[in-house]
Amino acid sequence: MDTLTLQNPLVATYAIAATLMILKAVGMSWLTVARMLQANGGFRSPEDIRKTPLNPNPDPAQLQPNERVERIRRIHQNDLENLPFFLAAGFLYVLTLPPLWLAQLLFYGYVLSRLLHFAAYLSAQTHDLRATLWTIGSLILVFMTCRTLLAALGV
Amino acid sequence: MDTLTLQNPLVATYAIAATLMILKAVGMSWLTVARMLQANGGFRSPEDIRKTPLNPNPDPAQLQPNERVERIRRIHQNDLENLPFFLAAGFLYVLTLPPLWLAQLLFYGYVLSRLLHFAAYLSAQTHDLRATLWTIGSLILVFMTCRTLLAALGV
Amino acid sequence: MDTLTLQNPLVATYAIAATLMILKAVGMSWLTVARMLQANGGFRSPEDIRKTPLNPNPDPAQLQPNERVERIRRIHQNDLENLPFFLAAGFLYVLTLPPLWLAQLLFYGYVLSRLLHFAAYLSAQTHDLRATLWTIGSLILVFMTCRTLLAALGV
């Protein structure tokens, strides 16, 4: 690679996609917190029903699963199953020196597929739609990974 | 480091191991999908029992845990607990400029340990065997990480 | 970047924080194992109650959730939701060439926040304290990620 700097357009493209995906994943933690506050429940640890300034009227029911919170946890788990691998695969893919337009198509296409997957999951669209959006992102990830593997093998 | 390119044998060795592990993790998503299709169940979201082209005869029982699906989810979770850290630790370990033979031994040894762990978990071998295979991979990961930490500290 | 080597103080700072966080996450796996051995239970797979040298007197109760084991699993899951993204975000943040003192403050501040979060979670402190410590780390992560995104966009 020429140089590993953000002035390198390939690296910058990767960095934009990667940081957006990191913010997306971290956003799920914050959204979980927001929904736990709204529901005043959906907690998970026994100590979470101790009386504190942030929980002045604790109740054992606060430890019951709350579907609005659980939905975000499922979305979050889907991120954990996908995004760390995109972050690594995308960086390695940059080392194959793809044409910039292709890198942009794959990286931004991946980001878009994940944001649409989020929207579909959050609003409880059909399994079919959610699975289709997930598949697009996963195929982009598999393509980049296979391309990098072949390049590393010198094929 | 000389150069961060796939022509650098250390980088190529890392890239081969990393991409294989990424494909392995992503493969668990696809295997979960395959087993959900086979079982026509093991779903997780309330909307997954809505009538759709892919689910023409929905049934609340489709939301019950299915052991064949749950097994893949457990294997997948084990990957999430291990592979992202291998991906990061392996890359940083390359920066310590280890001898190529040692890097190959550690990287490919890790990949092999994870593939055998997968085979043992998938076929429900004893906890003892599965734990032994996990331990080999984990010790490789800890070794690489400690070596990198010492190098970064200038020790 | 000047050079991607551990002699570069920015890279070394990142590598120290990253390896400590990797060891922390991997440590959760080992702590889960240790507590499963202590409790002789908290297992998850049907085959784990097969009679083996390491489990000479199997009992179906060994598959019941064990709160001391589950606590470590929750801490571990919190790591999975945070650390892989820190590892990627921290590396990309180095590419923005921040002043060394700021990088040290952010990287070591993050490590400290996570170790304190672990101590608070392990010893079942209040949700308020645990959430505060998590928030500090998450804000550091968001700051580094946004800073990198702006730099990559050339803003």
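As written, the chain order gives the labels A, B and C, with residue 1 at the start of each chain.
Note that in this section a residue touches a chain if its C-beta (ideal position, glycine included) is under 8 Å from a C-beta of that chain, and two chains touch if they have at least 3 such contacts.
Keep in mind that what you see is a predicted model, and the values were worked out from it rather than measured.
> Work through the pairs of chains, note which ones touch, and then classify the graph as line, ring, star, complete or other.
Topology of touching chains reads as complete, every chain touching all others.
> Since chain A and chain C are copies that touch, is their contact same (over half of the numbers shared) or different (under half)?
Copies use mostly different positions to touch.
> Fitting on CA atoms only, what is the rotation between the copies chain B and chain C? Please report it in degrees, nearest 5.
Best-fit rotation on C-alpha atoms: 120 degrees.
> Between chain A and chain C, what is the separation of their C-alpha centroids in Å?
Once rounded, the distance between the two centres reads 17 Å.
> Which chain B residues sit where two or more other chains touch them?
4, 80, 84, 88
> In the complex of these two chains, what residues of chain B are touching chain C?
The contact residues of chain B facing chain C are 1, 4, 67, 71, 74, 80-82, 84-85, 88-89, 92, 95-96, 121, 124-128, 131, 134, 138, 141-142, 145-146, 148-149, 151-154.
> Where on chain A is chain C touching in the complex?
3-6, 11-12, 15-16, 18-20, 22-23, 25-26, 28-30, 33, 43-48, 50, 52-55, 76, 80, 83-84, 87-88
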